[in-house]
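Below: the structure, in structure tokens.
Letters are used for the chains, namely A, B, C and D, taken in the order the chains are written, and counting of residues starts over at 1 for each.
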Amino acid sequence: MPGNSFGQVFRLTTFGESHGAAIGGVLDGCVPGLELDQERIQGELDRRRPGQSRITTQRKESDTVSILSGVYEGKTLGTPIGFTIQNGDSRSKDYDHLKDVFRPSHADFTSQAKYGIRDHRGGGRSSARETACRVVGGAIARQLLERDGIECFAYVSQVASVFLDKHAEEIDPKLIETNLVRCPDPETAAEMESLIDGIRKEGDTVGGMVTCVVKNVPAGLGDPVFDKLHADLAKAMFSINAVKGMELGSGFAATEMRGSEHNDTADENGQLRSNYSGGIQGGISNGETIYFNVAFKPVATIMRDQDGLDSTGQQVKVKGKGRHDPCVVPRAVPIVEAMTLMTLADHFLRQKINL
Amino acid sequence: MPGNSFGQVFRLTTFGESHGAAIGGVLDGCVPGLELDQERIQGELDRRRPGQSRITTQRKESDTVSILSGVYEGKTLGTPIGFTIQNGDSRSKDYDHLKDVFRPSHADFTSQAKYGIRDHRGGGRSSARETACRVVGGAIARQLLERDGIECFAYVSQVASVFLDKHAEEIDPKLIETNLVRCPDPETAAEMESLIDGIRKEGDTVGGMVTCVVKNVPAGLGDPVFDKLHADLAKAMFSINAVKGMELGSGFAATEMRGSEHNDTADENGQLRSNYSGGIQGGISNGETIYFNVAFKPVATIMRDQDGLDSTGQQVKVKGKGRHDPCVVPRAVPIVEAMTLMTLADHFLRQKINL
Amino acid sequence: MPGNSFGQVFRLTTFGESHGAAIGGVLDGCVPGLELDQERIQGELDRRRPGQSRITTQRKESDTVSILSGVYEGKTLGTPIGFTIQNGDSRSKDYDHLKDVFRPSHADFTSQAKYGIRDHRGGGRSSARETACRVVGGAIARQLLERDGIECFAYVSQVASVFLDKHAEEIDPKLIETNLVRCPDPETAAEMESLIDGIRKEGDTVGGMVTCVVKNVPAGLGDPVFDKLHADLAKAMFSINAVKGMELGSGFAATEMRGSEHNDTADENGQLRSNYSGGIQGGISNGETIYFNVAFKPVATIMRDQDGLDSTGQQVKVKGKGRHDPCVVPRAVPIVEAMTLMTLADHFLRQKINL
Amino acid sequence: MPGNSFGQVFRLTTFGESHGAAIGGVLDGCVPGLELDQERIQGELDRRRPGQSRITTQRKESDTVSILSGVYEGKTLGTPIGFTIQNGDSRSKDYDHLKDVFRPSHADFTSQAKYGIRDHRGGGRSSARETACRVVGGAIARQLLERDGIECFAYVSQVASVFLDKHAEEIDPKLIETNLVRCPDPETAAEMESLIDGIRKEGDTVGGMVTCVVKNVPAGLGDPVFDKLHADLAKAMFSINAVKGMELGSGFAATEMRGSEHNDTADENGQLRSNYSGGIQGGISNGETIYFNVAFKPVATIMRDQDGLDSTGQQVKVKGKGRHDPCVVPRAVPIVEAMTLMTLADHFLRQKINL
């Protein structure tokens, strides 16, 4: 029941505060006999890592994963995969001024309200650093799903007022990593990049959108009632820091559509003419491409004075120190992928029971 | 692990196909000693019931709940509350033509793909009828939460192109049930009603939006990582049939905002100046009002010929028979409330462990 | 987390107080496409039913199960199987004297301590009547496992000082139902029967033992650490009312044995020479016969005056009214089988994920 | 669902193979604000550690625990407590001969059957080394429960034919650690010790019994149906390597007793005259002392030639190499305590929801 595990069968449990000794996790339920490329796991972590470029935070976290169990001679054993990532470049002193101060729109106040105690350094358990462990889980899920041809990629589709003008099903995933923003259109990416750069110089932050696409999902994954595939995807997405919204397929646009227009009808070859469903019908995958949008708010920590609260409930000036992202979406891309992949892996394995 | 349970501590398990003998459920984990007003539970069911008005389906389901256990002399025992709702007015013959046909954008094809077998009558397990059981669970959650002053209401905020122009925090909940659409603004409601009426006459359907508000939630509910309060709310919402999107607080609008604008700063009295967070920060309630929007697609069953698929994968004409809603949002209101209430009750009880 | 569910994948949730409207349950996770013989389910219930003979309680419970969902045209749908058993012949008045009295060695006092409220009639939730729901779950598990040739039977191996002198692996299961005691040796059964009869006449009760055997279990079921197959079987057994002990294979006798004697070594044909392991090694089935003993205490309700406690903690005379078993083991046989079968079915389905 | 977690609210997940890089775990659900004495945790580990004396294995494992998260300035944060124990003195070569050989009565064959792959070194995941992680969890549970005065100790009550002749409720726990065997009676301990010593010299092993006692448990812990307190204790005990049996209170002796004798009646002061129930009635603690026996088989690895099987199913001679315990019970004592403490902590926290 405690809230640090994700998934029912393919199940990741994470631990770790931002400025504690280490973060890490246990991935339980991975099938035996999977050849695991550990360099690719590290590669995914490097994509999430801070300090990658001038438009992300300047913190240098090495984020090196040590896999401690569950793998023998390059293959999974079916036993739990334990791993740790040491906490290195933490400037805990940057947080001294926050010991008795709650930053606006952060988890500072709510953590204190929940537990009556908190590790204020670097956001403690609420730090986005925790998502590194999810990336490890997602990287293993990816290798599991690839055996069945399932492919997943995410990309930045919006930064503030700059929108990518392409449908999720038309994206060329090879373009995503060609630029710092992870937008699969070089021109739009350049615009986004310069926008983020400007925001950063102002000491401000800005929101954006990540779109995620999953191809070659077999029909039949997901459950008809509570554990609908997109319900579990929604939980996965909203569990990522700073997410404020999600929409699948037609999404919010569906509210203005008619059934006669929205229904994905079949053509004379038995192919669906549209994919407003976003690859999921009645909570179960139908074999079409799954795609969805995830809305991120602007990062709460800004390099300006703001009116926060102290622990006695009094207004107090607080200004971000430390090194933070001016826009979270470029680094959120691998996290969105990781959570999507783990959700899919979980339902993929669950469906084996029915077969 | 099977997908028919919701909640960790306050936990509802449901069963039942639309045209089977009965639907029902078991609510496990309700605390002992709660005075339970069973008439109010029935009252909530009546709000969800089909056949309420000309803008909803004409099916007459009596939806009478029988509580079989867990309550003694008007109080909960702390033991599981089992209940059933008999299936009455089911015209299974209306579905004969669907035995080997998959309706566009329905769960027909995906259920078959998942299980290799299905009860095609009335949508089987994927029928919205299943949500009646959730309403029972929600009605009990409401009575539990009311003891601590927590209040929850939902309403229709959009039907197709007709939008309610009021912020969630300004709504007068007493107006919601004054009209058939459940929109707390009589004029907008009238517009919506006439729009739905027109759609119905055309044999078509239309989408819409439900907004949900929860007041007086104590700070501290929810978990900082996977089981964020809004992550569980998102799962709850996306588990409702026809939902395509959800946004909390600022929602998708946050993607275009700056941190300096979006952060909920404190005034000189220690009050927050805004509530873009939507009552949840870092996954944990902060004591402010929780509010979110839920996007519904148009109902898939329309009274017109459409191109579906048969079980051999061939295109086939299919036309809705039976009695269906032209717009699902008015009847979705109590379901959105029920899922919200159960999510809150679950986290409310979970937090007792920390205290 | 609430304690009314059993199993992870093949998962039964039960509800119901002894003298409430009904008891029942939801079996979630049964695979689709299983042909279900409902008469055989009822047949198992009839084996557990009170009032079968002069050596069991004289209560006449019809225990007729109504399956409400999850089955269509004789086959399971993969959706939850909901069922109820109406409560009929309950003489609630027999329990009026217990409203404020706690019977010795009953759950009366502990239920009150836990919940602060209880339904005192017929033992409420703690009544053995609840086990009828387990028998339904077990009967479905049996039909699932039979497809793979797995066979399970239990029998009475001891009543007070009368012991059956035969090893579990030598039992002819066809003899079990040939007598009222369910002991597969007619002579020993007759002795047991007359012993129970005498005890009953004295208004007293007596303990006994049930032995359970499972054949043709494939190697590989169970988990190496916490969810060892016999750990889950132990939980299953100790969850049955009146159970005080369990031993697998060599059991308590192993405490006096040496490794050189206890190890199940292989002969020249690769067959194991012994089965002290009881079919499970390191928590995982090895393909040999699983067998274990379950110790039952004497039923606590006796037809004599005893010193109990009232709700103020004062000593008070209490005498059993109502109709109770003088010895629980004959009727415990189908319950032991049911819990064993559900445990096996759960691990059988769990293992499909690894294959 | 995967089997490497224990507990519902106070929940330990472990990972690690015997000869991998490290073992470790995540304890999720520990309440915030608990002052944690880490030296005492290490102290408990030292009790389990191999190489303590001549009657235990000569392996020298330092078993030093590193706590990586969940604790800040000496207090628990309410967040998961991650920890690792490096694997040090592993002579993997001692296991080379077992790569394609299955030792009699070990998990070698069954692990292979389950997963199709295994790490044969040191027993892999099935090694008793894994229990070190449980001891960490138990040590934290102990500190949690001590705040409410709950006390737990275990001791050796039998080695082969040498029995301790004292009832569990009469034991002086201060005597337990006064001898190598952990038997709270110096004379009996000396006998046991010399018996084990002899067995060791013969290259053989021997079984034994551990008795566990828990005092000052408040009434009300445990659940009336599946999650009976002793059902969860039984699962906990049978999840320990080499356990073949368990009995609570009167245990197997109850099979020969009458109700009039077995019932724990009240005296004129409202005190119970006996405690055959073993502190639990109807699955719920009644406030009396909980006590139970746990039967251990002789360790399977003996220093003699035995007939095992190779991976093709042929008989093959196999002889234990490496360093193993001649009798497991002295070192099992802290493991029995740990599993008991975690079970109690789990139900202790679960009961907070009802209060």
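By our rule, contacts are C-beta pairs under 8 Å (C-beta built on N, C-alpha and C of every residue); 3 or more make two chains touch, one makes a residue touch a chain.
Model, not experiment: these values are computed from the prediction.
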Between B-D and A-B, the pair with more C-beta contacts: A-B
Interface residue overlap between copies subunit A and subunit D, same or different (over half shared): same
Approximate Å spacing (C-alpha centroids) for the pair subunit A, subunit D: 39
Interchain centroid distance [CA atoms averaged], subunit A/subunit B, Å: 26
Approximate Å spacing (C-alpha centroids) for the pair subunit B, subunit D: 46
Touching two or more other chains - residue numbers and ranges from subunit C: 1-2, 4-5, 8-9, 14, 29, 32, 78-79, 114-116, 125, 224, 350, 354
Sites on subunit D touched by subunit B in the complex: 1, 9, 29, 31-32, 78-79, 224, 349-350, 352-355
Complex interface listing, subunit B residues touching subunit A: 1-6, 8-9, 14, 104-107, 109-111, 113-116, 125-126, 130, 158, 160-161, 199, 204-209, 219-228, 230-239, 241, 244-252, 254-270, 273, 276-278, 280-287, 295-302, 304, 306-309, 313-315, 350-351, 354
Complex interface listing, subunit B residues touching subunit C: 1-2, 4-5, 8-9, 11, 13-17, 20-26, 28-29, 32-33, 66-70, 72, 75, 77-82, 84, 114-119, 124-125
